[in-house]
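Each of the next two complexes has chain A plus one other chain: chain B in the first, chain C in the second.
What follows is the complex of A and B.
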């Protein structure tokens, strides 16, 4: 598929999808994060992992929806001939049709690519609090814009990958089509960088089918 | 010109759904269904290997079987699930119906929070959606 037809397909699919309220979406996600913080006692590493797992369960289902809806709308995504093609589909069709996001592909190598996300609907109301180095005598309180209080001696907020769910979604979706990848949120606007960047590395392409026994020598 | 049966086979060859699509459909016992499901899965895979011409599309395998008493159409998704439908000879729109069923699968079954992937489908919404499709095309 050519780049322009991929973009056009993304727009078509986006127009056919039922829409939800952006604020409701962002605030629901925010409350999910808050719950995770309570459940895991502010253990940021664990929360990042949980977000990735949640994303994985979402991703394994999203891929079928994407493929099904594109079939019935006459969009032939076609098997991707190389990793760049896959990256374009994920960025221009995947992110576009589910979230309406514009997303660019960059740094494509044989085994990896980067996705740049420009507007992130999940983090529209979010500000990460300052990381405080706690002393018991010096209780420092900081707030994020949801109005939640965070007392001092606190977690290292700069390590929180707020939108890590996207990494899980990409991993889950590609796993269903036999591509084992690892995703990482390397740059995040919430942590002070200028753009959101997800790095996706291809680990292996799994093969299914009749198996080696049936292949001709 | 009616549809007879629908069955869905998962990635590993297990049958995850089967149902009759009309009153004319002959009754098939559960064990027979399981056998049909796994046999079809294996035949599909072997057909892909046995094919003299390698298709560009990775989804090689059995697409259509036309016999005197029935026609069978199979649609394998990129994710490895096979949707198979049988019908009386002369029935049309089999491919379209399968794609609509795929969309219903994505909308009803996959979005059901209690449904685990690759497990038997027990979703009321999916059954109703397939009924609606049958009403439209049957």
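What follows is the complex of A and C.
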């Protein structure tokens, strides 16, 4: 598929999807994060993992939904010939049709690509608090994962990957079409960078074969 | 015009869903069960379904090799003297196979007369389209064709019932078979198939 037809398909599919209220969506996600913080007792690493897992669960469903919707609307996505093509489909059709977001693909190599996300609907009302170094006597000293001492209270908010759900979604969706990838949020507007960047690395293309039942003894 | 049965396989060949509709198919299944000559411990009906998967799998490889570089390489239907199998495969590895009688055309652009292919099996793949959809305008375009019905089943019934179910865990595995049983997939599928204009 050519780049312009991919973009056009993204717009067509977006117009066919039922819409939800952006604020409701953002606030619901925010309350999910707050609940996670309560449940995991401010353990940021664990929360990032849980968000990724939630995203994975969403991603395995998104792929079939995308394939079905495009089939119904006469858009032929077809098997992608290379990683750049896959990246374009994820950015221009996937993100566009489910979230209405504009995304760009960059830094395409043989085994990885980067996605730049501009307006992120999840974080429209969000501001991460400053990491506090409290001086309460009864709190134990805690160490961050990079060994820096964080004496006293709060969690290290700069480690929170607020929109880590996206990484899980990409991983889950690509897993269903035989691509094993790892995604990471490298730059985040909430942490002070200028743009959101997700780096996707292709680990393996899984082979499409018949399963255990078909192997001869 | 009769629908005999439908089978759904995952990308590893596991039988996710299978149902026989016509009396002929149900009788054949019962006959297989009673006089099964398979090895002890395996179910002859399952063995037969696995053979179907094996055939679809091998034919897909074959069609992929025969099709020119940039055309669509999909297997659409296989026709023998007594029945036609319409197939549809998604990019996510899900395979649908619908057995019908010979007078159901597979999709809008490959209508064939019932007199064709007397006793040789006939394959249709999308790169060899027979022209003339002229007479098909009288038929309802989405319901009169086998493969289009499968596309509809995937997009509207599978995605709506199974993919959106909270029990869904990706498109292969035993957990998926349980998940399908817990949704209203079978009921929706039954009502869709009985509403097709060519169902009996």
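One rule holds for everything that comes next: the second predicted complex is superposed on the first by the 193 of 217 C-alpha atoms of A that agree within 3 Å, B and C clash if a C-alpha of one lies under 4 Å from a C-alpha of the other, contacts with A are read in each partner's own complex, and residues count from 1 in each chain.
Here, a contact is a pair of C-beta atoms (placed from the backbone, for glycine too) under 8 Å apart; a residue touches a chain by one contact, two chains touch by 3 or more.
All of these numbers come straight from a predicted model, not from anything done at the bench.
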{"item": "Overlay on chain A: chain C relative to chain B, clash or fit", "value": "clash"}
{"item": "Chain B versus chain C as contact partner of A:199, first or second or both or neither", "value": "neither"}
{"item": "Partner chain in contact with A:63 - chain B first, chain C second, else both or neither", "value": "both"}
{"item": "Chain touching more of chain A, residue-wise (chain B, chain C)", "value": "C"}
{"item": "Partner chain in contact with A:191 - chain B first, chain C second, else both or neither", "value": "neither"}
{"item": "Those residues of chain A which chain B touches in one complex and chain C touches in the other", "value": "60-61, 63-65, 67-69, 71-72, 78-79, 176-177, 208-210, 214"}
{"item": "Chain C residues touching chain A - in the complex, by the definition given at the top", "value": "11-14, 50, 53-54, 57, 72, 90-94, 151, 154-156, 158-159, 163-164, 168-172"}
{"item": "Touching residues (chain side chain B, partner chain A) in the complex", "value": "11, 45-46, 48-49, 56-58, 77-81, 99-100, 102-103, 105-107, 110-111, 117"}
{"item": "In the complex, chain A residues that touch chain C", "value": "60-61, 63-65, 67-69, 71-72, 76-79, 172, 175-178, 208-214"}
{"item": "Contacting residues of chain A [partner chain B, same complex]", "value": "60-61, 63-65, 67-69, 71-72, 78-79, 176-177, 208-210, 214-216"}
